Amino acid sequence: MKTIQMTAKTPDIHALLARRKPQYSLEAPFYTNPGIFELDMELIFGKHWIYVGPEPSVPEAGDYITVEIGRTSVLIVRDDDMQVRAFHNVCRHRGSRLCQEQKGVVGNLVCPYHQWTYNLQGALMFAEHMGEQFDVSQHKLKPVHLRNIGGLLFICLADNPPSDIDDMARAMEPYIAPHRMADCKIAKQIDIIEDCNWKLTMENNRECYHCRANHPELTISLYEYGFGYAPNPENCEGLEQYQQTVKRRHAEWEALGLPSNELEHLDDRITGFRTERLPLDRAGQSQTMNAEVACKKLLGDFDEAALGGLSFWTQPNSWHHFMSDHIVTFTVLPISAEKTMVRTTWLVHKDAVEGRDYNLDNLTAVWVATNAQDRALVEQSQQGIRSDAYEPGPYSPFTEMLVEKFCNWYVNRLSALVE
Amino acid sequence: MKTIQMTAKTPDIHALLARRKPQYSLEAPFYTNPGIFELDMELIFGKHWIYVGPEPSVPEAGDYITVEIGRTSVLIVRDDDMQVRAFHNVCRHRGSRLCQEQKGVVGNLVCPYHQWTYNLQGALMFAEHMGEQFDVSQHKLKPVHLRNIGGLLFICLADNPPSDIDDMARAMEPYIAPHRMADCKIAKQIDIIEDCNWKLTMENNRECYHCRANHPELTISLYEYGFGYAPNPENCEGLEQYQQTVKRRHAEWEALGLPSNELEHLDDRITGFRTERLPLDRAGQSQTMNAEVACKKLLGDFDEAALGGLSFWTQPNSWHHFMSDHIVTFTVLPISAEKTMVRTTWLVHKDAVEGRDYNLDNLTAVWVATNAQDRALVEQSQQGIRSDAYEPGPYSPFTEMLVEKFCNWYVNRLSALVE
Amino acid sequence: MKTIQMTAKTPDIHALLARRKPQYSLEAPFYTNPGIFELDMELIFGKHWIYVGPEPSVPEAGDYITVEIGRTSVLIVRDDDMQVRAFHNVCRHRGSRLCQEQKGVVGNLVCPYHQWTYNLQGALMFAEHMGEQFDVSQHKLKPVHLRNIGGLLFICLADNPPSDIDDMARAMEPYIAPHRMADCKIAKQIDIIEDCNWKLTMENNRECYHCRANHPELTISLYEYGFGYAPNPENCEGLEQYQQTVKRRHAEWEALGLPSNELEHLDDRITGFRTERLPLDRAGQSQTMNAEVACKKLLGDFDEAALGGLSFWTQPNSWHHFMSDHIVTFTVLPISAEKTMVRTTWLVHKDAVEGRDYNLDNLTAVWVATNAQDRALVEQSQQGIRSDAYEPGPYSPFTEMLVEKFCNWYVNRLSALVE
């Protein structure tokens, strides 16, 4: 039995959670340990609402996508009554994956192995050679809970999903509705793999301390002051000016029927989230290389382009930017303790014509560059954290408050759920 | 010690074995858990007779092959007295692998590291610089048990191999003998790697429920009814006709001295096996794209080509098809919990001449295609079974009886041997 | 929780250490088990002096190299006062790796993530947005102990490094000094990855039993008798002659101020080492394809080329050959239980000019070839040792005495330090 692993010392998850030091980054095992990764998948990704993609991923009846939550494959399909449904992508016979592709179109769901055939409501319609005792009603596809919030699809793998998704839906729908996600189409979707724990990807998203030095493209349209600068003699005038701009814009946008004020519930609820409509710099229209719209055909009923950016962040795995001309939406899907997938989707009005109304390179330039920069940063973090010399370091009380809230939420949720 | 693994919950192998539900597929850990894989290697592959290849792999004195059973490399060599022997492929000095290649020819076995030299009976003949106290007789190569059944080589890594190999040999030799394996040569050997547990490879081999939809090439010569269809008004005539054909053919072949009746001992003995000579469809001669012989030079003394196919299945890891013109033989060698090697070997009469008597593409076409199709199916199964949503599903009482027998054998053997 | 590992049997490290049989190779788990690898990294590489490279790796102020000791990255940098220092390559903020490259030049050490800026003494000079409570003095880079012995850089990750490094330094400096490492430059550095445990790499280095059959290039200049041959009627004359040669040369070299006698402390101290200046065969000048110098510009004050080779071996991870014209130095850096990096560095006088004084291919030919041969040998060993059939084999009392001493040192040190 020579290659069997010797597990010299097992980290005690309760002790690790109990001794977490507020305002400091987490201890290394949270980012590196395969056992804690299993807990993350079981308790965080298995028991919370997970953003999986925008509704225009499945525009027509029979359209499906598959999404991998760790080892679990979820099938999202629009049925013949135009309802979007989610199922476990596992045949009830001998367990074959039903749909192999990331997206496709089907009439029924036919298992490739022995052709058990399910309809788009998940009922088993046909199974050959099973004999007369066999009861098809006992072999339906296993459903997965699904919520559509303003065109953003969230699933929950738990039997009893957190009910406070209702509060989030009620709060967020007025913010998102004017951008009319349902009338959008996917212009582009890109997956990247980051060699880091999923929490480093999320923490990186929750601060812009790193933006000025690392994101030349993103900071064309993003105000430096947006994520909290420590006040000092040199910047206090700029900070004050920025706050005035936000105030003025919020008033204008609210008058146009666009809710803009910050809602911040990142660590005080199970289904944590935050939103705010923020002004953009320069042309002020969109997250592009010149801060002007990337798509001439505006979303919804908009006739004004300079609507800033409505941002929406959810725990544990997503963020979204809604502008007047396009939407960018991100989902973070863990692969292993040290590997994570980030899927970025760009959406424009479904009537916009590529080449005429928008150009793909222009539409995607900022976030393609920004994602590549962030990937390098989080991978360098992962490498450093693997060292025995790493110890938790202090968060900035100005620019890393939302990272702290992410960690709070994570530690609270894990503490509440771990046995 | 931050990367040391936290083993939150260890599956209890006794509980898993005890609660196995008859007529249902196994629980997921049997297909995914590295610890159960270790048990499989120690108790199933370490204590049973394992098919490793056909005798014509080592036609001449000095010919050797190496076969990897998990981490253990076995050397099979024909000695100067023409006896086929098996040894552990490990030098008794500092443990270097002796023979690096999958096949080759040697005079003696010389370790590449410090040239300790063994003869083909495994005796250490020469070891430099070891001093006068050193006793060569204490450093022979470690032998491995080997049995040759009609030209099929089986090895057993246990000190005390199951003795019921004798019954299998006695029963099977009359079936195989007429095909004269010892007078064959290897025309082609192909290894493929499947990203699945070895038991999925075996279970897939034990049913043809999946054949009609997935194997257009194999079902040219294979009768659909051969693996058990549920009777229904549409197929009852065909089924009846098929059973008549089998009966008639068996009588003809038995009269020619070819034992043809089914012997079925898949789950009632330690060395489980099954055999039957089955008619082939259309030309009825061989598993080819037109069901005609692929090699004009027939095996043994045959002058009749339409002898159907003698199939032979063994637990835990092989199957074989003997036809009038060629033999196809398969060995399944596990690599890890989710990776498996399948080695396919095609044999023809040793006097057959490529290009004149047979054409390699024609000889191998059906099983090259079928193996690729089966690989896709078992890999899709593995992916589905990894999902937390997988649960064992029911086997067809008609077409999956032999899958059930494979699982019975496996569960029984593991239950008997696990501490 | 289906993929969580079942750790059926855990090797008991105390039992394994206690039952180690002298004069025999180690049991397999020492070469294959990931848990024992963790112990090796924690107790052997974490608590002993580890050779990391020659001083000319960082010739100028601001020059740095990074060295990976398992998961731990160490930064070695020459500060503005020309002192060589070592730090953990981990930012004290959120743990990012500071320097990404294997070598480079810096003014200050600026973290790529949020630009915390450290000087070359490791002090934190600048950290934006951290507020007034923040104390830079509490966030210095973590120092790593560093010793420079005749131009060879050793680091120790422990808080209290073994103090007997002083004895080794005192003993070795007179041997090494005449070769003037500090006046050398790196001509070439090559990393190779070996698929084996680091101890197999080291054991292979500690014997030349394998040299005659495997190293045609190295044995041009290396005397066969150098590592201990069993005396027998055929070789006793050659052996005697070799011992005379060694004696005569030692006398000549000592007279030239070159200490040459063997010092052997491989297993009787914590910081184990051995040295000896040995004659070379044929031209007797250097480890090259014709045993003549590879570089016309000799090292130090040498005007004599035929100075043999001063060899220096340290536990646990290095060996070095100093000749009149060049130095070759080797560091062994474990990656995982079955993967190891070997870094070879060739140095010549810093005033030597490539193309005029030396030719790179000629300089590196012997060890490039020898490393490739050794890689094949140790990888074959690793494969054999993974087999369940491997058991420890006997060492030659003549040619493998130093392998025995390596194993003694290793077993003693692990026994002393394991809890």
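The letters A, B and C name the chains in turn, as written, and every chain counts its residues from 1.
As a convention for this text, contacts are C-beta pairs under 8 Å (C-beta built on N, C-alpha and C of every residue); 3 or more make two chains touch, one makes a residue touch a chain.
None of the values given here were measured: they were computed from a predicted structure.
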Between chain A and chain C, the fewest steps along chains that touch one another: 1
Copies chain A and chain B - rotation angle from C-alpha fit, nearest 5 degrees: 120
Chain C against chain B, contact positions shared by both copies (same if over half, else different): different
Distance between chain centroids, defined by C-alpha means - chain B, chain C (Å): 47
Chain C, residues touching no fewer than two other chains: 1, 3-5, 7-8, 28, 35, 38, 71, 386, 388
Residues on chain C engaged by chain B in the complex (per definition of touch): 1-8, 25, 28, 35, 38, 42, 71, 203, 209-210, 213-214, 228-230, 376-377, 380-381, 383-391, 393-399
Chain B residues touching chain C - in the complex, by the definition given at the top: 1, 3-5, 7-11, 13, 27-29, 32-36, 38-39, 46, 71-73, 88-98, 100, 112-115, 128-131, 134, 139, 142, 157, 386, 388
